[in-house]
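Down below are the structures I want you to see.
In what follows, subunit A forms one complex with subunit B and a second complex with subunit C.
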Partner chain A sequence: MLNAAITGIGDTPVGRVPGSTATSLNADAALAALRDAGLRPSDIDGFLCAYSITHPHLMMASVLSELLGLKPNFCAAVQAGGASAGILVMQAAALVEAGICRHVLIATGDNRLTGMGRDQAVATLANVGHPVYERPFGISVPAAYALVAQRYMHDHGTTLEDLAHVAVAHRRHAARNPLAQMRESITVEDVMASRTISSPLRLLDCCLISDGGAAIVVSARDAARDLRQPPVAVLGAGQHHTHEHIVASRSLTKFGCTQSAAQAFGQAGLKPSDIDVAGVYDSFTITLVVQLESIGFFEKGETGPAAAAGDLDLGGRLPCNTHGGLLSYAHSGASGGMFHIIEVIRQLRGQAGDRQVTDAETGFVHTDGGILSAHCSLVLGAT
Partner chain B sequence: MLNAAITGIGDTPVGRVPGSTATSLNADAALAALRDAGLRPSDIDGFLCAYSITHPHLMMASVLSELLGLKPNFCAAVQAGGASAGILVMQAAALVEAGICRHVLIATGDNRLTGMGRDQAVATLANVGHPVYERPFGISVPAAYALVAQRYMHDHGTTLEDLAHVAVAHRRHAARNPLAQMRESITVEDVMASRTISSPLRLLDCCLISDGGAAIVVSARDAARDLRQPPVAVLGAGQHHTHEHIVASRSLTKFGCTQSAAQAFGQAGLKPSDIDVAGVYDSFTITLVVQLESIGFFEKGETGPAAAAGDLDLGGRLPCNTHGGLLSYAHSGASGGMFHIIEVIRQLRGQAGDRQVTDAETGFVHTDGGILSAHCSLVLGAT
Partner chain C sequence: MPGSSDTHEAYLAGCRRGELVFSRCAACRHAQLAAFRVCVACGTTELGTEVSAGNGTIASFTIVHRAPSDFFKARAPYALALVDLDEGFRAMMGVRGQPAIGERVTVAISGLGPAGEPLPEAWIEGERR
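Our next item is the complex of A and B:
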């Protein structure tokens, strides 16, 4: 068990946030996390941020640290694509464990909806792989996940309807969340009828593009005790890094989440069936299906029918992405995974309101990045 | 004293490296560091890299990790501009201290000389500050350091000739280093006559632009014992983060190096006069002057005359940047600071050949980033 606990969470409005910048979203979320924890900027001795694609910046951590009035003993930006959120928590835990910091503030945020156009978005996605070697022959992110979907459906009998049920389940969660970007009810038929982005993935199989920011505070256990909120313990954490580009892999459907989750569960002394609430990266419906089945929450091919039966809902076998996930709540770079972490913490604190999972004591979060290459899993526990 | 030791170092040719890419320079340096340490890729359980400005990449750490055949427990890119090298070592030390990793490989590299044109370089430098708020009124990096120089010269009597002596001392070091990018002897008159970049800084007051890569391995002390090279201990480490943009500072000449160095020395139980060999960030001659005097190696206004008297040379009071520094050896992003670390390690191992400092047992490295905003100091010791 690590020495770290999460003591503060903060987020901004998501979706279309007019006038926002990457800087303002990071800062607003950070200040909200400080307020939540009951900490002042002068209490913070570690600061980490992620990255922005609307405003890439060599000194992002310093700029934000200055803006927030911090004087950290450790300050840097950490970049691991969509896996950044979990990795940032592991890094903060390591800083606490090493005695370098007592309270580490982690901020993320980007204005991807209002801050960039379609061309910049496509160019950025095309740059996730190995453009030096592979452009123009490499594949873009949605196409890579489409290949994964084709193969996974072939191997495990997952159907288009199964994927649609996953999207619908997420929208049901979002309907209970007044802050979610997309709350309008959808049906399996709506998903099936939405336009193809990269076959077999349709528009409603894909995550949103959002403005938004999210921040948390990671503290040493003994420094966490007297703060405003009940601390949430980081019981276990694991990473696994496999192939960056789908073409380099021996298998299209073996993700590193299997290993990263096994490591996190092993450290926590828990197993998937012990988990009360989960936040699992859902960049596409297929991403969630493969990961839930590879981590051991469901058998191969089982997730679609389970989603249809309400197993991912409140009161279901594994309430998952109860905020609405990347599919219906919001996705804004590293904040996307951070939203999963924050939602699980709200659940473990009993602060999830209309979408509270009864007696939630154990939580699991998984974030992944790149084209399936970087995986980070966390097991969290109420204290 | 931290639990970490540096067990491997590796670098590539520097200067103009035709055909190189950021990826190849990172990878070549990483493989050299593994060979130096006597470790195989399968021994490495942590991987950190920095960033590239010729080929910015959201998943740089994953790409490099895959290319090198690693399966790390922790893998991320860390970005703090020119301060990255020191901060990467502190992060690796924290991962070792927290028990997450035993051997952390850190790779850096960029092909800034052959990989980008003048326009891209200028655009990148203009983006170091707060372009969202300040462009077109903000100042570029050389202009910011020129302002620092103006004020520092006014306050402390440092002269143009003093700065020139610093440049000349670095070139004397580079002349002993067959790998340095600029080895041709220069005089104070040459520096004085070189064209103005931003008054009072002249061409020869400015660091080089280079292709190059550099890597090191940071290991847990107990895992360091049986490797190929004598481990170098990380005796102390400190960071301080102040203002990103010079205009936001209360003083143009109070750098965070004072605090970061005090922290590192305090942890090591040493003081500046105990140091046998130093590597101090020299992005401009004025950068080195201010830092050496702010850290306590020299009195205010003393560095120029000291450089003229040979105090920075082999056998002098503080042999400093014995490889030639950013001014005459090479500067290639995060590798710039990494070259300082590698040179100090070579000295502490007694492997510096013609430029060996006799009986070097204690070393100091300082890297800074942005426009004077991010500072990281390390105190290193032979074992």
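Our next item is the complex of A and C:
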């Protein structure tokens, strides 16, 4: 068990946030997290952030730290795509564990929708393809995940309808969340009829592109006691990295989420069946299917039927992405994974309102960067 | 001679000659795409280059409809595949014909990239050159 607890959370409106910048979203979320924790800037001795693709900066952590009036003893940025949020929390927990920091503020945010638009976002993200062995063939992020989807479906019997059920389950969650970007209800038929982006993935199999920011505070357990909110313990954390480019992955069906989750569960002394609520990275419907089945929440091929049976819903076997996920809540870069973390914390604090999971005491978060390349898992617990 | 130690150079030069070049580990004989500075199987740096016979099997594929740039938008929808070459390495390439997982293909340097560069392409059996 780690000596770290999450003591503050803060997020901004998501979707189209006119006038926002990457900096303003990071700062607004960070200040909200400080208010939530009842901390002042002078209490913060560690600062971590991720990155922005709309306003890249050589020293993003220093820029934000200056803006927020911080004087931290540790200040750094992490660039790990969708895995950033999990990795940032694990890094903060390690800083607290090592006695280097007492209160670490983590900020994320990007204005991907208003700051660059969908076309430019798609083009920029496609640049993560390998410059020699992928990009000359017209790879995109959806195309890379489609290569995984095609093979995973072939080997494990997952169907297009199964993927559609996953998308529908996320929209059901988002309908209960007044802040979600996409709340209009969808059916399996809607997903099946949505236009193909890169076969077998269709538009409604793909995550949103959003503006938004999210921040949290990670504190030493003893420093967490007197703060405003009930602390949420970081019970376990794990990472595993196997490749960056899909052409370099040794498997199209087995990924590092298995190892990162095993490490986090091992540290926590828990197993998947002990988890009350989960936030699992859903950049595409197939991403969620592969990860839930690799981590051990469901058997191979079982996620689609489980989603259809309501297993991912409130009251189901594994309430998952109860805010609506990247598919229906929002996806604004590193904040995407941070939204999963914040939602699980709200659930463990009992602050999730209409979408509260009854008696949620143990939570699991998984973040994935690249093409199922960089993985970080967290096991969290109410205190 | 100092300069780039990128293993890609041999692959790119191979494409210009009409050959699909890959890396072979001198220590353990592992075959891999020329994308790594070490043998990913045993960790040595004793990598030599060989030319593939160009026979392989489709490991996975996708038909891209939403293309990432103007060059590819003009070509969409187009097929992309990961091909397992018989020598034991995997490469991405475009496809001529209708791809399917497990389908046998012949690889030729018949494609052209956005910069006019020669690229490998997977030809489905029966597809006419």
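The rule is simple: the second predicted complex is superposed on the first by the 374 of 383 C-alpha atoms of A that agree within 3 Å, B and C clash if a C-alpha of one lies under 4 Å from a C-alpha of the other, contacts with A are read in each partner's own complex, and residues count from 1 in each chain.
Keep this in mind: contacts are C-beta pairs under 8 Å (C-beta built on N, C-alpha and C of every residue); 3 or more make two chains touch, one makes a residue touch a chain.
Values in this document were obtained by computation on a predicted structure and should not be read as measured data.
K.L.:
With both complexes superposed on chain A, which partner does A:154 reach: first (subunit B), second (subunit C), both or neither?
P.N.:
In the superposition, A:154 touches subunit C alone.
K.L.:
Between subunit B (first) and subunit C (second), which, if any, makes contact with A:317: first, second, both or neither?
P.N.:
Neither partner.
K.L.:
I'd like to know which partner A:198 touches here: subunit B for first, subunit C for second, both or neither.
P.N.:
second
K.L.:
Does subunit B (first) or subunit C (second) touch A:72, or do both, or does neither?
P.N.:
A:72: touches subunit B, not subunit C.
K.L.:
Once the two complexes are aligned on chain A, which partner has more residues of subunit A within touching range, subunit B or subunit C?
P.N.:
Of subunit B and subunit C, more residues of subunit A lie in contact with B.
K.L.:
Contact-wise, after the overlay, does A:242 reach subunit B, subunit C, both or neither (first, second, both, neither)?
P.N.:
In the superposition, A:242 contacts subunit B only.
K.L.:
Once chain A of both complexes is superposed, is A:221 in touch with subunit B (first), subunit C (second), both, or neither?
P.N.:
neither
K.L.:
Does any part of subunit A touch subunit B in one structure and subunit C in the other, and if so which residues?
P.N.:
On subunit A, the overlap between the subunit B and subunit C contacts is residues 130, 132, 248.
K.L.:
Provide the residue numbers of subunit B that touch subunit A in the complex, in ascending order.
P.N.:
2, 21, 23, 47, 51, 53, 55-63, 65-66, 70-81, 84, 87, 90-91, 93-95, 97-100, 124, 127-132, 238-244, 248, 263, 369-371, 373-374
K.L.:
Hey, which residues of subunit C end up touching subunit A in the complex?
P.N.:
For subunit C paired with subunit A, touching residues are 8, 11-12, 33, 35-36, 40, 59-69, 71-72, 75, 77-78, 80, 82, 90-94, 101, 111, 113-115, 117, 119.
K.L.:
Using the touch definition from the top, list the residues of subunit A that touch subunit C in their complex.
P.N.:
Touching subunit C from subunit A are residues 122-123, 126, 130, 132-134, 136-140, 142-143, 146-151, 154, 195-201, 245-248, 250, 252.
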